[in-house]
Amino acid sequence: MQTVNLTQMDKEGIAEKVIAMGGEGLLNCVQCGACASVCPVARAGFSLYCKNLIKKLQSGYMEEILEDSSTWACQACNRCTEICPRDVKPSEVVFAFRRIQAEELAISTSAFTPLMSLYETGHAVYNKRSKELRKKVGLPETPPTSIGDPKAVAELQKILDDSPMAELGIFLNLMSRKQEK
Amino acid sequence: MADKIKFAFLLTGGCAGCEMSLVDLSESLVDVLDHLEVVFWAPTVADVKYKDLEAMPDQSIDLAFVDGMIRLSEHEHMAKVLRSKAKVLVAFGVCASLGGVAGMANLHPRKALFDTAYIDSPSTDNPEGIYPQPKCVVDGKYELTLPEFCDRVRPLTDVVTVDYMVGGCPPHHEFVAKLVTAIVEGNLPAKGSWLTGGKAVCDVCDRNPANEQVNRKTITEVKRVVDGNGVLEEKECLLQGGYLCLGAVTQGDCNASCPKVNIPCRGCGGPMPGVTDFGAQALSSIGAILENEEVAERMVAKYPDMAKMMYRYSLPASLLGRKIKGQ
Amino acid sequence: MSKIGVYVCHCGENIAGVVDVEDVRQYAEQLDGVTVTRRNLFMCSDPGQEMIRQDIASGLVDRVVVAACTPRTHEPIFRTTLEKAGLNKYLFEMANIRDQGSWVHAHDKYGATAKAKRIVASAVGKAANLHPLEDKFVDVTPAALVIGGGVAGIFSALELAKMGHKVYLVEKQPSIGGAMAMLDKTFPTNDCSACILTPVMVEAANHPNIELLTCSEVADVNGYIGNFNVRIRKNQTYVDWNKCTGCGACAEACPVRTANEFNGGMDHRGAAYIHFPQAVPKKAVVDMSVCINCAGRKLGTEPRISKKTGQPVLAACEKACPSGAIDRSHHLPAEGTLRDIEVGVIIVATGYQVMEKENFPEYAPDSPNVITALQMERLISATGPTGGKLLRPSDHRKPRTISFVSCVGSRDVRHHTYCSRVCCMYMIKQARLIKEKYPDIRIFMHVIDVRAPGKDFDEYYTRARDMGITFVKGKVGGMEILPADQVRVLGYDVDLGSNIEVDADMVVLASAMEQPPTAKLLARKIGLSFDGAGFFKELHPKLKPVETAVEGVFLAGCCQGPKDIPDTVSQAKGAAAAAAIPLCQGKVRIDPTISEVDTEKCSGCGICTPLCPYNAIVLKTYSGRPRAMIDITQCKGCGVCTAACPSAAILLHGYTDVQILSQIAALTRAA
Amino acid sequence: MEYTPNIVGFACQWCTYAGADLAGNLRCKYPPTIKLIRVPCSGRVKPEFILDALAKGADGVLVGGCHFGDCHYKDGNRKTANRMILLKKMIADMGFEPKRFRLEWISGAEGQKFADVVSEFTEELIKLGPNTIVEENAA
Amino acid sequence: MEQFGMYLGCNIPFNAPDIEQSFRQTFPNLGVEVVDLQGATCCPAWGTAPSFDINTWLAISSRNITLAESEQVDIMTGCNSCFGILAEAKHMLDHDPGRKAQVNRLLSKADRKYSGSSEVYHVAHVLHNKIGVEKINASAKYTLRQLKVAVQPGCHLLWPSAVMKVKEKNPFFPTMLKELCHALGAETPHYSRLESCCGMGAMRSTNQERALDTLKDKLKSMKEEIDPDMIVTTCSSCYLQFDNAQKLLRDKGEIDFAIPVFYYTQLLALCQGLDPAQVAAISETPRDEIIVRIQSKQRLLN
């Protein structure tokens, strides 16, 4: 491991940014480790999990960890938030960091498909075999959700079109396709 | 016997009830008149024109009583004239000394008062909605004037320097007798004081628990006379029984005449010497002996016009004096 | 016209760094009645005080206003200055421009200066209306009350008794000894707790100046320093203690089995029982809440006569008692008996409670093998439920692996934010004791960090590491229940940077020390206040650590905050020393800033009488009419009556209407 | 010039005044709008004082006492609470925005709360604008 | 009849419609009417909007809640993750008026307004707290007596407890699902990894290896400690993970056993005597055998 010169770490604005993105408890953390002790992500051996993410953010890391997509393994199970003795709400910090990563498009590749699907169908998860499955168990082919409801999808798209998510250009192709129609 | 005391009596905005209490001296009034020379008593008794008063030499009146509050511009004018003519000026009765019942009008803007009096009251027939005008021309040639209706009621003390104040609505005749005797005998306190026995209604009230060497209890009930809760025992304290009796806060020169007949004291006697704001003191004294906050909340609910309850006779002389404009 | 001197303090840079002190001084110069204005770097320093003394001595000044810090700390200092200069010390007023000025408005220097001027004007306004007041003195009742018979209470009582003062020591349990009596050994010396405490308990019980009132509680407190009237409730014991010899026969005979509090509920006692083997006084009590009335007769009735034997049918305890101390034919009131005592001072030493494991859902509270450290203390004690053998509660087998979990309820915003101060050390102690006795047991200590700052503490901790006890830096976040009543501790090792698990046979929770809820009731009776953590608040955290806001009432031990035994004993002795002062002086000063009735003005309405919290106001006949009078020894100067008096007949010296109205006028005057 | 509210505070010496001192010790920032008048107990505060301050043009008045159960004089604060319930109503009857008057229980341990209360009260008063009674009376 | 708005989410209608069918068929037998929330979208899943922008998340979630508001019903979700998202969103909106105003501005684009009048519940909450175990027990035709169930309550139903209307007595040792299984006569022995993660969702899509390891750990605890006849869950994500990833583990030779998996209402449906071809028809870990055992004559209650 290399020595880190903490005086050379640029902490400028990092905490503020994380707090603004929803990680309000960042600076309350005393690194007791309780969150990590029960964190599925930590227990499964991912590299960046609540406790060490918080420590790194507190120490001024940002560039160095921005591309680490293991934060996207967080299940949001919130057990950390339930037990944190300092009310840090570690899962909120993880999500705040994810939002910062998203701004830089440092997103787990696995996140894109659900996003596209969400925009197009209103469902992050969609299974093309579903009609067949539904018929098999005696249900109408289409459930009463947005999948068969263009008005509902249009409502959702109106919310998404002006969102910071759209500004990242994630939906660009889909949006132009919609306009062509 | 020295010279007779030159005496004047002026009614400003009031009901002349205070003058009645002087008349109530009945036979003793005859004795009093041996000592008094009434030089002015208007407009109630003598047909004296105001210009007659204006014509009198300054300081020519030994003793002047004013009853009534300052409601019209005329009241202010006359009060000032009388002040210059009189050596000793007494605000006689609670209207003159504190503003009186009419002072509650200060919680309403002038427009609202006029609307009620000249437009909205059921007995009024005023389809054109005409308000009293200070000036008007009749038949194209007679210019008539009316005194101006002031923005608010003021006690006499707000307009001129008053030498003595007397509470009561009206002052109790027995006290008036004592008072006149004291004046005649020249037995007066320092100027600027209340003329009073200096004790509260409770001191002369048969219902005061202290008479029986019993400590007062906190208030657990809130009642109003209008609710018809029945009559308390003869010796039972009205305040302790839940009625908002202001006897503890009020000068008792009335001999507790209201509580004697089951009516809670409403504070016409004015505050005890040394108290500036009658209502605030009443609120402080009574608020403190409420059993708990819940009783206080009930009191607020039961008396929705808290200011009018506490300042029934004294609003114009209170620290705020009137309802201030909304901000 | 008064001659007011205004002295503006720089407090080094504390004030002057923010407030323009010269501007404030100049402003004060033109206020009505002000004759002298001066500034100084530190007004409370000798030169600062000398400045005031000289101005008074030379007749320039007859009222003093010091604009500096808070009167709560410095008013007494400057009052002494006035006194030394020959001026009545109550002709003094402080303007608080530091604590409520420069310190809180450092971001707005202009605003802070403007505010300081108003505060000075307010103080000058009040000063102009001050009157000289005279201190009065009353005799002190030569006795002390100590509430709580734990180690703090015992030492407080002994110290006072040894100085020659009469002491009442009140304890609600049947025996004194408190929490320390439950401990096995004590850190950092591993002394046997009972061995060092029992002789002290006995000494307290036998001291001629100490009257031990166990099974007793404080029912009511009235009065004031020097003359407290205290009502003590002796709870019903159902045993005649004059006859009871503490032989324990009743406890053995009693058929009831109920959880034994003294052993953390890990074994049983009877309804008739003796608190613990070394109890002082060693007397039995009957706990009626669990008594099953085995002989089937009501209390206070004559026993049934057996048809078979012709003998009276007695309860097991009655029958067993060799001295006739238990007799159910007496009608004994369940509420006990009341007794009034008079004391000059009170020491509160009510101790603490530990948080129960049920407060911590994430730590498998349903597992019998998860216990609190206080329970562990009993489990390893020779007088404990297992006779000192370490056996885990679920199956009474010797554990192979034990995890100690620290900061359970302490340093945790969900429970208590404070550090309980003793957990690290007692965990280490217990771990060491276990390891010494059973070297084969694996012990893991899960800590956020080890706090061992006392004398010989760190050495004690280091030795624990040497003994092979494993320290894991990292707070435990959860536990899983394994088959066979094992508990899997889900931990994290900060140093390894990795998650860890321990399959433990037992888990010990170092749960927080906290103020028991009953403290609220006592606080209300005495007038004590609480700090942010819920403990009794001392008068000053540094300089008056045993005094309270109630004069004559002192604090000792954990009721004031978590502390270990040495600190508790130190504080107990400190409290005794402080409490001894009024007892030795024999007189206490009555603060003259109290209320007084102007009988001439009083109308006898009696509004004031139910208001006084101390019943200091009585109606007496004066010229034939009832008039209020205030007993100066009872009045504490709250001013509730003053504000309520409809006749403006009650004056609160030091806070008169005129003084307060002059302050309001100064604060609202156009700037 | 920007309007800075002038708040007259009445603080009981055991709790709120001590809380204000603690705010100083902790260096909690708040606007320099409030000036405290120290009284032994909030029960000493006559409603008249509050009306007097408002009549003299104070923009806001704060009365601070101990939490219930914490009163140094057992229950002086309860008398205050009763009085202030009546007074709040009366102030409103007299045309004042009731928000100009605040009753707060601030203990000696609540330095931050004192600062927060003053900050919040100041904000509130800025929204309400100045108390114009003095100008109104002069007019 | 008490009504609840059935919020289906994504996995249930598209990947496990037999669960949807089990809702539609079991609830009427318990006196509850299932109301469709027409036009519902994704909750949205943690990895989508919530990982990008809080207000966009809240706008989408609250839009879904408004569907229930306009039907004047409370929401009932079948997926723990949907429940977590919606409950947290509701908590944030109801406790932060400023946030609510911002989100309502976004929602106005879709001509909707969130008021907060509908509560968010999970199917398990409705079953346990609204319907109650007695009614469930009374509705069963077949008993699960002497069958051992490994319960999987799933995480989003437990934490953070502050946002939930219905709470477990101890969220670290949950009992609601156990009690629901007891209502059907089953045994639910404790296993140590009761509350450990199933590895589905974000973890699986980020790193399948680690997600499978996580699941394996949990499955082994079940198998070794209690050897259950089946796994029962009330989370559709957990359900898919246990069913599908268990197969993956078997295929890779990491485990050598197969424990059938049911969503709780599927089991309930079987006990109510409903047709397995509709309510429990799609799975990758075989469960036909246990279904036959459940609906056998011996288990028929009179």
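The first chain written gets the first letter, and so on, giving A, B, C, D and E; residue counts start at 1 in each chain.
Basically, a contact is a pair of C-beta atoms (placed from the backbone, for glycine too) under 8 Å apart; a residue touches a chain by one contact, two chains touch by 3 or more.
Predicted, not measured: the structure shown is a model, and the values here were computed from it.
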item	value
Chains in simultaneous contact with chain B and chain C	D
Maximum inter-chain contact count - chain pair	A-E
Distance from chain E to chain D - Cα centre to Cα centre, in angstrom	53
Chain B and chain E: spacing of chain centres that average the CA atoms, whole Å	77
Length of the line joining the C-alpha centres of chain A and chain C, rounded to whole Å	50
Numbers and ranges of chain C residues touching at least 2 other chains	362, 478, 611, 640, 643-644
Shared interface positions of chain E, touching two or more other chains	171, 195-196
Touching two or more other chains - residue numbers and ranges from chain B	281, 284, 288
Touching pairs - complete list by chain label	A-C, A-E, B-C, B-D, C-D, C-E
Interface residues, chain A side, partner chain C - complex	30-39, 42-43, 51-52, 79-80, 82-83, 85-87
Parts of chain A lying in touch with chain E, wherever the complex brings them together	21-22, 40-41, 43-46, 69-70, 72-79, 81-82, 95, 98-99, 102, 107-108, 110-111, 114-115, 118, 122-127, 130, 133-134, 136-139, 143-147, 149, 151-153, 155-156, 158-160, 162-165, 168
Complex interface listing, chain E residues touching chain A	8, 10-11, 13-15, 17-18, 20-21, 24, 36-42, 44-56, 59-60, 63, 81, 84, 106-107, 109-112, 155-156, 158-161, 171, 195-197, 199-203, 205-207, 210-211, 213-214, 277-279, 281-282
Touching residues (chain side chain B, partner chain D) in the complex	107, 276-277, 279-281, 283-284, 286-288, 290, 292-293, 295-297, 299-300, 305-308, 310, 318-327
Touching residues on chain C, where the partner in the complex is chain A	362, 407, 411-414, 448, 473-478, 490-494, 497, 499-500
